[in-house]
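Multiple structures are listed underneath, in structure tokens.
Note that chain A is present in both complexes that follow, paired respectively with chain B and with chain C.
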Partner chain A sequence: MLTMPRNDLLLFLGFAIAVLTMPIWMAPFGAAYPDLLQRFMIYGLFALGFNILFGLTGYLSFGHAAFFGVGSYAAVWSMKLLTIDALPAMIFALIISGIFALAIGYVSLRRSGIYFSILTLAFAQMSYNLAYSVLTPITNGETGLQLNINDPRYLDRMFSAATPSVPSPTMLGLPLTGFTGFYFCAGFLIIAFFIAQRITGSPFGMMLKGIKSNQTRMNYTGFNTRPYTLAAFVISGMYAGLAGSLLAITDPLAGAERMQWTASGEVVLMTILGGAGTLVGPVIGAWLIKYFENIFSAINENMLARFWDFLPDGLDHAAVVVSAKFVGEGWFLTLGLVFVLIVVFLPGGIMEGVRRIASWIDRNRKSTPKSASPKTQPAE
Partner chain B sequence: MTLLKRGLSRRRVLQTGLAGIIGTGVAPMIFTKGAWAQEFCNNPTGDTVTFGLNLPLTGAYAEEGADEQKAYELAIKHLNGEGDGGLLNVLQPSALKGNGILGKKVAFVSSDSQTKSDVARAGATRMIERDGAIMITGGSSSGEAIAVQGLCQEMGVIFMAGLTHSNDTTGKDKKRYGFRHFFNAYQSGIGLAPVLGQEYGMDRRAYHLTADYTWGWTQEESIKNATEAMGWNTVAAVRTPLGSTDYSQYLTPILNSGADVLILNHYGLDMVNSLTQAVQFGMRDRQANGKDFQIVTPLISELMAKGAGESVKGIFGTSNWHWNLQDAGTIAFTKSFGAAYGSPPSQAAHTAYVQALLYADAVERAGTFYPPEVIKALEGHEFDGMGNGATLYRAEDHQCIKNVLVVRGNESPTSEFDVLNVVQEVPRETVAYDPAIFGGELGPSEPVPMC
Partner chain C sequence: MTNSNVVLHVADVHKRFGGLHALADIDLQVEEGQTHAIIGPNGAGKSTLLNVIIGKLAPTSGAVVFDGTVLTGKKPYQINQLGIARVFQTPEIFADLSVLQNVMIPALAKRDGAFKLNMLRTLESETEIRAEAEHMLEDVGMISRREMAAGSLSRGDKRRMELAMCLIQRPRLLLLDEPTAGMSRHDTNTTIELLKKIKSRGMTKVIIEHDMHVVFSLADKISVLAQGRIIADGTPDQVRGNPKVQEAYLGGAH
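== the complex of A and B ==
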């Protein structure tokens, strides 16, 4: 278990530290408030799971938001019916989303390539419509499923009387609000990162990468690839379900919108933006998109006017008018531009940029003698 | 132990461990230590106080959201003593001085809720946690309002709902920290049914198309109950997803359903689309059961009437408020809104403006921003001069009880804004109801939750 290659261990520790110190280094960016940090963790987890399927096997699922939504609904129902505690809600969400992924994966994985993508998209859109209008007794439709004062919560009732107000989710009595909620989610992101890292390095992961590079050849060498792809699909569906349940725990509401195809598309964007197939990339992509969504969309013309204040009169007004198109409601435009630039110039996503910079520094170092590159050193 | 053998020295383990401890243990303290200094969420300590405006600037209700934003900016100007003072001059009784609230200048932050509950909640959380909003207001969909209201109750921040018409907002899902000035579907039903009976007769067969979320459901139920009580039949009630653009698949079955009235429980862009398409289908030129086929839009606003153009002529609905009323409050508001933006305000703008003023007034009367005191000041508060006549903020469910307007699409508009006529002002005694009929519990106001 602990025989990790040194680079992997360093990556893991670096990642864990970067995540846990986020409240500090995110502060200058105006993003160090608990709700957004929780979202960073949750969507990072979602993208990490998506990458297990897309990054390793190359199967592009366009319906991952369905598992995310199912996880949310399962978690809220567990908090309504059983107990307000987070752990049963998460276990319940994992099981339900796993079963759901198994069913959808079993059908969808009979095809590959574009047909697979369309099948998953169709299933996700079906789930969305079911949640939105057909299954309203279970999902409460557009209004979204919320906790109520008079929910039964049978397990809680066995131990204590009902509270006069709507309880908020706890873990073993610890309320999961604010920064506690963030560290709770961060813990799961780090654990999930560790598992994803182990999967990538394992023989199973090698098999998945083999499927990505040439599935036909894998078949000819005698491997039945379908159990492997199905396992990857279920694992990544469960990651999505876990992320969905975390979102429902930190903010106890499950809405149908989070199953919409735009949400599925978003996780694809996150992964490609960060770098599909890398471990850290999808998480960074998720952070970037959530940052744009929450911070850029909140910038209004008053803030811009203050920002461009140093320009001479007239020019500052023009600057405000032009830049206002890219913030506020126009944040999609900015995101789109960033996406286009990255895909055109860095096809491997942000991680490719990082690699290029690293190798550039490496080259510069090599030209000066004496300083040996740490990368070329063997692990022992 | 294998860890150490794989090239990690003890020193490194200690170092990383220490970094982890610092990261996990110290970081949260840095960011929560300030919280203990204040006794409630976002207690304003500086010389400004921040409102959080949660507005749908994209999505089916975007137009209402944009109008609300204008109104809030105007209200904040007036509260700070800029502009012509607007309704500050006519509110009765009023504790407002035109120097901000309790001497603090009013500022605002805003967030686009995209007409989605999830996004609305995320935006509200951001404005509370990061921007220190003392109060959240706005919204143009009941789904949003209910979602944000629940959040505000958890956070201990007062929510002054914008345009929300569902019975649930102050019924089944009412919250101690949530307040609604706008009227609701039940009141629309009571107000509208007698007028419909008078115009269209007592033996009509109605077909409902309903936006599929909390507001649509409760409006369908309320209109159904009110019309069935006077003898109408309901043929069918069909749910349509919020934000649909093509209604032809829902409109075709109506032709052979035996119905002679179509009731559109839609709002915003949905209503503009469904009404226009129904009229294009030739519904209004049809005869059914020997009577002229009619369309009714129980909740309608000037913005939608303007969007639907010709189609809205002669169609009945209800409104919370109309800019063409002749009381001092309406005249003052229409004048200052028109001077600032060049068009008369919509009912969404009006309710947004009034909610901002009522909150400020309640804080002034309470003498503190402490939410439980502000809630007490709002509960059971009786006021006048805001354009709806005498109004009561009912303590039992935080619903404003005031007159309801029955309106009709203007047959011969004199301008692009003159699209609705007020047919009748239903007095507030008629539309008041027992708050217990919808159930729900407000919950406690104290202890104040800390955000």
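== the complex of A and C ==
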């Protein structure tokens, strides 16, 4: 029952190794510090789940940040009321975001295409406004919800006295700081990847692909498509909730801006950039965007001046002025350019680029007779 | 009124679109195992009738009864689960999936029903479904194309695959909406051959067609539709001999 086709197993192992060794191979890129790597894991998880709805089922949600935010709030509340341990916080976040996704999905999935997208966007903006102003007692509004020294933490109190300072989240007593926090998140990304892979390869995943490809035929083939799309919606909402809870655990603060439409748009960008419908693509897209966000936005004019130093006087100054527009605050400009280039030249995202390179290498190798066994590429 | 042989009964169906009386007083009985053709000129209401049968359109009055079950008000997927499959005028297929997957999906619908959260198995482990689909593709002569993306098939092959998708469910009733529309002579002939081949299996079929060559080589019974009414009913020979029909529709051609 839990056997895997060989290719899937290789992909899974490759992914797991790549993730776990990130602190090593990200070092040359200047990104091997736990705080950023954690974000890579968290947003990778977010995009992975988003892809189950968008990439597999073909429903473009523009409001997935709502589930991400709900997961964050739920996790912080669990750490405030129950225990500082991370696992109950995550379970609580999964349940709450699942229920939330069920309610929003139930209504939104009555429509498809652009109307579905608009409905999800409307729900997410409503959630954002609720969190920002109306539900201030629950969300602490503009300031954001954070841990407090006076939090009850009823479960913890049953076993030990209150600590003199605000505790930081742990897992079974292990503090989740630094690289421990990274490996904690990486573990969940790998588990989530495994589940996404199973879903994609299952008959259920096949039905989702069928719905994306031709919903009319699915109906006339005897499928009630609504529960399938709702299941996909809830699963991807729970992925978002889990990602949100991880963000709250590694940085115990939940703010309303997490639910804003820009955050919903960001996960769409990640998925398309990496390659919607592929397993690895959305995760790579998430890493890339978070990398740009953190690295490019940190570059300042002094660094640029040093970089362009080899150019003759005057010219180097011009180079600094021009390139400065694309870094720091202007990193969105770079991101936008990269996005436009990818969508125009590689509509299938980075993964399509990888596939093209692979088939190019394959063709070149074919010139030597009887090399690789002729493998038929399954249509996707 | 309904005798035991009748599997599909369209009873006194009327369909109005605003002021247009698209179907008037349609009473049609399709017997088990027969191929029943509905012919008529463009705008006669053939497609409307088919859409009423399959549940896409609700009749203004009257009912469609399939094997004792009233179809009116049921959704397309429920109607399919009762054992009715449909071939569309323009093949409705899963263009981005492989031919084999296209045929496996309906087989899964037949086995698992309208909804099943089947996430623990892998598609590779569905060996019986795969074998069944491969057998079906062999039957329609498409086994060599099983790994191709369905969208890249020729129109005739898309139609053949769509037929395989319907046949793998072993429906009790197969509805065909102009199965040879827009096809070359060659593709039309291969499609007729295929339909003849499956005819011997005793499946009931309702076929809508305006190509007389197709109709007379396949049908056991023909109903002629004109301006939303059935003007003639009978075996191909009776219909061919009917002066009213000859005058109105076949006159020029035969």
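Keep this in mind: the second predicted complex is superposed on the first by the 368 of 380 C-alpha atoms of A that agree within 3 Å, B and C clash if a C-alpha of one lies under 4 Å from a C-alpha of the other, contacts with A are read in each partner's own complex, and residues count from 1 in each chain.
One rule holds in what follows: a residue touches a chain if its C-beta (ideal position, glycine included) is under 8 Å from a C-beta of that chain, and two chains touch if they have at least 3 such contacts.
Note that the structure is predicted; figures quoted are calculated from it, not measured.
Student: Have a look at where A:Met4 lands relative to chain B and chain C in the superposition and call it first, second, both or neither.
Tutor: A:Met4 sits against chain B and chain C alike.
Student: Which partner does A:Gly178 contact after superposing on A: first (chain B), second (chain C), both, neither?
Tutor: first
Student: Looking at the overlay, what does A:Leu13 touch: chain B (first), chain C (second), both, or neither?
Tutor: It touches chain B, and chain C stays clear.
Student: Examine A:Pro164 and indicate which partner it touches, taking first as chain B and second as chain C; both and neither are also allowed.
Tutor: After superposing on A, A:Pro164 lies in contact with chain B but is clear of chain C.
Student: After lining up the shared chain so the two structures overlap, which partner does A:Gly328 touch, if you call chain B first and chain C second: first, second, both or neither?
Tutor: first
Student: Is A:Ile361 contacted by the first partner chain B, the second partner chain C, both or neither?
Tutor: neither
Student: If we overlay the two complexes on their shared chain A, which of chain B and chain C does A:Ile199 touch? Say first, second, both or neither.
Tutor: The second partner, chain C, only.
Student: With both complexes overlaid on chain A, does A:Ser133 touch chain B (first), chain C (second), both or neither?
Tutor: It touches chain B, and chain C stays clear.
Student: Using the superposition on chain A as set up above, list the residues of chain A that contact both chain B and chain C.
Tutor: In chain A, positions 2-5, 379-380 sit in both the chain B and chain C interfaces.
Student: Which residues of chain C touch chain A in the complex?
Tutor: Listed in rising order, the residues are 54, 75-77, 80-81, 85-86, 88, 92-98, 101, 104-106, 108-110, 112-126, 147-150, 165, 169.
Student: Which residues of chain A touch chain B once you look at their complex with the stated criterion?
Tutor: For this pair, the touching residues of chain A are 2-6, 9, 13, 16-17, 20-21, 23-24, 30, 32-36, 39, 129, 132-133, 136, 141-144, 146-147, 149-150, 164-166, 168, 177-180, 183, 251, 253, 255, 257-258, 294, 297-298, 300, 328-329, 379-380.
Student: Touching residues of chain B toward chain A in the complex: what are they?
Tutor: 2-3, 6-8, 16, 19-20, 23-24, 27-28, 30-32, 57-58, 109-112, 116-119, 121-123, 125-126, 129-130, 142-143, 146-147, 150-151, 153-154, 168, 173, 212-214, 239, 241-242, 441, 443-444, 451
Student: Mind pulling up the chain A residues that touch chain C in the complex?
Tutor: So the residues of chain A in touch with chain C come to 1-5, 8, 198-199, 201-207, 209-210, 212-214, 216-225, 227-228, 231, 376-380.
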